[in-house]
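Note that chain A is present in both complexes that follow, paired respectively with chain B and with chain C.
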Partner chain A sequence: MNAKRVDKIATGVLYAIAAFVVIILVALLGYILVQGVPEISWHFLTSPALSFEAGGGIGIQLFNSFYLLFLALLISLPISLGAGIYLNEYAPQNTITGLIRTTIEILSSLPSVVVGLFGYLFFVVQFKLGFSILSGAFALTVFNLPILTRSIEEALANISNDQREAGYALGLSRWETVTKIVVPAALPSIITGVVLSAGRIFGEAAALIYTAGQSAPALNFHDWNPFNISSPLSPMRPAETLAVHIWKINSEGIMPDAKAVSAGASAVLIIAVLLFNFLARWLGKRLYKHLTAE
Partner chain B sequence: MADNTNLTTSQRNILKFDPKDHEIALSTEDLHVFYGKTEGISEGDLQFERYKISALIGPSGSGKSTYLRSLNRMNDRIATVKGKIMYRGLDINSNDIDVYEMRRHIGMVFQRPNPFAKSIYENIAFALRQRGMNKKQDLDEIVERSLRQAAMWDQVKDDLNKSALALSGGQQQRLCIARAIAIKPDILLLDEPASALDPVSTSQIEDTLLELKQNYTIIIVTHNMQQASRISDYTAFFNLGKVLEYAETGDIFTNPKVDLTNDYISGNFG
Partner chain C sequence: MDKIRASLLKKSIASKIERRGKIISLTCLALIILVVFLIFYFVASRGLATFFQNHINFWQFLSGTQWNPGTNGTNGQPAVGALPMIVGSFLITIFSALVATPFAIGTAVFMTEISPRRGAQILRPVTELLVGIPSVVYGFIGLQVVVPFVRNTFGGSGYGILSGTFVLFVMILPTVTSMSADALNAVPRYYREASLALGATRWQTIYKVVLRAAIPGMLTAIVFGMARAFGEALAVQMVIGNATLLPHSLVSPASTLTSILTMGIGNTVMGSLQNNALWSLAMILLLMSLVFNMVIRYIGRKGKLNNER
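What follows is the complex of A and B.
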């Protein structure tokens, strides 16, 4: 066989593998969407879930998912940003920082159910936070920190050292150079990383089952005082999210339309995660364009 | 390096200025640079005259860039620099020097153009604002003056809010020069500023430097000997981490005293 033939065969095989992956993905997405989209209606998206009758919605779960996501990012973003800046800009490259990096890598491969059980023992039981949004947000932070830290560190590492030297040569301090030059230049990829991790958080179930809980008590959407337990903003109330709801319906749902609710909820979840992904790409590209040309 | 008994490398010819006739802007005494335990520079003793262009030439790895980067302590986190760097009677290589403040007196332009990912205007105004200059009128004035000095005002005056990354390489480099002189340093260090540029941009940069000479002391590393002979007043020849010859540029290129200098400028090695 000559080189040209080998190359042709290899190309063919690679195409086939790629096509296989794409087909699986499209089939999966297509199935979920085809099953679920017909179930989605304004009523479905806004009304509370019903345990025993048909016609329940996912309104509260949807709100819980977004609120938990918001809180988890509120906690994890500053920490990850600090850790990423430290690791890439300040830390000397030695065994200790190597150890930190290895730890972060191990943490990022921790199964989320383990994170959930840890959250249960640590936040729910030890810190007596109970099944609450706060426990859930902390568990999600543990789940999210390593990945977000890594993506921020990578975003900073991709900024050429020339930029830092340019700052130093103008008499700027390291802090000024990092905060005013390096981080802004890395912003497009940092934001892409944040939005992608938001998609992961949004779809996470296992870390939340034992932390944010599996019940979605009725909320009073006229009461926005976070200290009232029935307020949507209350961080101390249990809060079943969309992903947890799907898991629960499928394992013990007894409403007559469980199948339809599960399909609809899955479709909403998938669409939301897809939107996060597209948003990440769009924002990243837009910001990059804004920085490089106008 | 230390045991090198080769006669030609021990031969040296270093110009010393008479302080009565020449104002010294910057000088180094007994400068040694170490990367870990390897010595990058030994015996770098040079004086730089004010409002002149001094060129540092030599083959790759001869230590000319290392030497230059030591002058405003850009090597601080990379290498250990020993010896004295005298600027206005101060040893700026000592620990109690405010490095950030010092670098506002001794600016630098790098080999690869490195504008910030900001607008043309912000590239220049940014560092000024960081030091408390906030009046728009003052900033506008300095931005215009710096861009004029870098000979690019007419090309970019209508695009000041455009991203600097959209400029061509030559324009980016001139923006970097404008940015460096906006904070009004005394001394401008340039590390092969034209090596990444085409001949037209290179000659524009050279013209700019000759203009700037009236107000700035310029020290430039170049591997382009024509460039050194075209623009510089004094030239130092580096080899294996040592300055072998430092003299008026005309002398270096027509009548070098050191054999190795002669070999290098006639293209026998490097």
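What follows is the complex of A and C.
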């Protein structure tokens, strides 16, 4: 067989493999959307879940997902911003810094179920927070910290040294240069990183099963006092999120329309992740334009 | 004179701010490191209790095949043999990596070498999007599509290693593909040009030059995918059947470390042997993720050395 013929065959095989993969991926997305989108209605998105009869919605779970996402970002963003700043602006290039980077990498490679179990042991049991939004938010923070720190560090590293030197030349201290010049300049990519990590948090379930709990008590949407246990804002109530809900109704099998509900909920999750992706790109571009006046 | 002297010797406001900023950012970093140590400490202290408090033999734990903590096995010892779960975890990890690797590398080669334009326009965005799909969604589709398919084609209940492999294959495929494509893209263009100038065909160039230069990067991608497969909990738990038996066929219900952990930890009492045994499983999981991490670093270092030479 001559080389040309082999080349033709190999190219054909590669086309076939790529086509097969595209078919799998498109079929996957298509299946979720085709099965799920017809289930989505205003009623489905706003009404509470029913356990023994059909026709329940995902209202509380959806709210919980967003609230947990908000709290987790609220805690993890400042910490990873600080850590990213230190790693990129202050840390000397030595063995200790190398070790610290390795440690963060290890944290980011831990299976999310291990993070969830740690959260259970540490926040739920040790700190007696119980199955609560707060425990869940802390667990998600642990899960999110390494990724966010890394993306912030990268965003800062991409800012050219001219900017820093300009700051020093104006007599600013290093910290002032970082907070007033470097961070604003890196803001578009930082925000892109935050929104992308938000997409990951939104779909996370394994870290939440034993921290935020698997039950969604009824909420009183007229009571916005965070200290009342039935208030949607109360951080001490157990809160099943959308992703946990999908897992739970499928493994329990007591909900008669579990298939329809999980198809709808899956579609909502996917659409949310898609939106986060587009939002990240759009926001990053928009901010960049705004800041650089291009 | 003293006033001037004092003002010269005193720290300026800017340097105070500087100091405070440095301390704040260092504290944030220290907090993250502390969290990592806390995770290891807490999981290890619970996981080791099985061996030190309950005096279970470590090798018996790893090699035993009966898992029913709280009751005694046929040998009169507590039945805490973790082998079925360990085997289950390794089998689905290896199988899914074996199935995913050819597809991922083929697609990555297609994206970078054969049709870069279509790769950048269609394949790359789609794979990147799929990396972000939540694992429960994969589990749900596994339950609705893969399990019935396996049941009708291969017999059995449909739950088992094979279904787990299919689900994980689709799940790690986008990750491995996009990382392999990055590795291929990192191969310098002049390698290809040199090979083509020697009269090699495109396939010869891909096979003899580009793929070999990208081996470290692609290995990293595969190990990364395996680490993800090994640690995946819910998607696997939904389709594997969760029977703590040594899998004797690919279509009989089995279990993995993660699946037993997600099922069990809420149903046992803190501090009991049942509970401690589960934490030992978590510890194995933790150690394995360390091992994957070290393998990735090792490959990375090796790859760097080869390229510099």
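One rule holds for everything that comes next: the second predicted complex is superposed on the first by the 268 of 294 C-alpha atoms of A that agree within 3 Å, B and C clash if a C-alpha of one lies under 4 Å from a C-alpha of the other, contacts with A are read in each partner's own complex, and residues count from 1 in each chain.
Here is the rule we use: a contact is a pair of C-beta atoms (placed from the backbone, for glycine too) under 8 Å apart; a residue touches a chain by one contact, two chains touch by 3 or more.
It should be emphasised that the depicted structure is a prediction, and the values quoted were computed from it without experimental measurement.
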- Message: Per the contact definition in the header, classify A:Pro217: touching chain B only (first), chain C only (second), both, or neither.
- Response: neither
- Query: Between chain B (first) and chain C (second), which does A:Lys180 come into contact with in this model arrangement: first, second, both, or neither?
  - Reply: first
- Message: With both complexes overlaid on chain A, does A:Pro48 touch chain B (first), chain C (second), both or neither?
- Response: neither
- More chain A residues in contact [chain B versus chain C]: C
- Which partner does A:Leu145 contact after superposing on A: first (chain B), second (chain C), both, neither? second
- Message: Once chain A of both complexes is superposed, is A:Asp162 in touch with chain B (first), chain C (second), both, or neither?
- Response: first
- Pick one for A:Gly130: touches chain B only (first), chain C only (second), both, or neither. neither
- Query: Which of the two partners, first being chain B and second being chain C, lies in contact with A:Lys4: first, second, both, or neither?
  - Reply: second
- Note on the structure: Note: overlapping chain A surface for chain B and chain C spans 171-173, 176
- Residues of chain C touching chain A in the complex: 14-15, 17-18, 20-22, 24-29, 31-33, 35-36, 38-39, 42-43, 46, 102-104, 106-107, 109-111, 114-115, 122-123, 126-130, 132-137, 139-141, 143-145, 170, 173-174, 177, 200-204, 206-207, 227, 230-234, 237-238, 258, 261-262, 265-266, 270, 279, 282, 285-286, 289-290, 292-293, 297
- Item | chain C-touching residues of chain A, taken from the complex the two chains share | 3-4, 6-7, 10-11, 13-15, 17-18, 20-22, 24-26, 28-29, 31-32, 35, 78-83, 85-87, 89-91, 100, 102-107, 109-115, 117-118, 120-122, 125-126, 142, 145-146, 149, 171-176, 178-179, 196, 199-200, 202-206, 209-210, 243-244, 246-247, 250-251, 259, 262-263, 266, 269-270, 273-274, 276-277
- Task: Mind listing the chain A positions that touch chain B in their complex?
- Result: 160, 162-163, 165-173, 176, 180-181, 184-185, 290-294
- Taking the complex as given, what residues does chain B use to touch chain A? 72, 74, 100-104, 107-110, 112, 114-119, 126-127, 130-131, 161-163, 165-166, 176, 179-180, 183
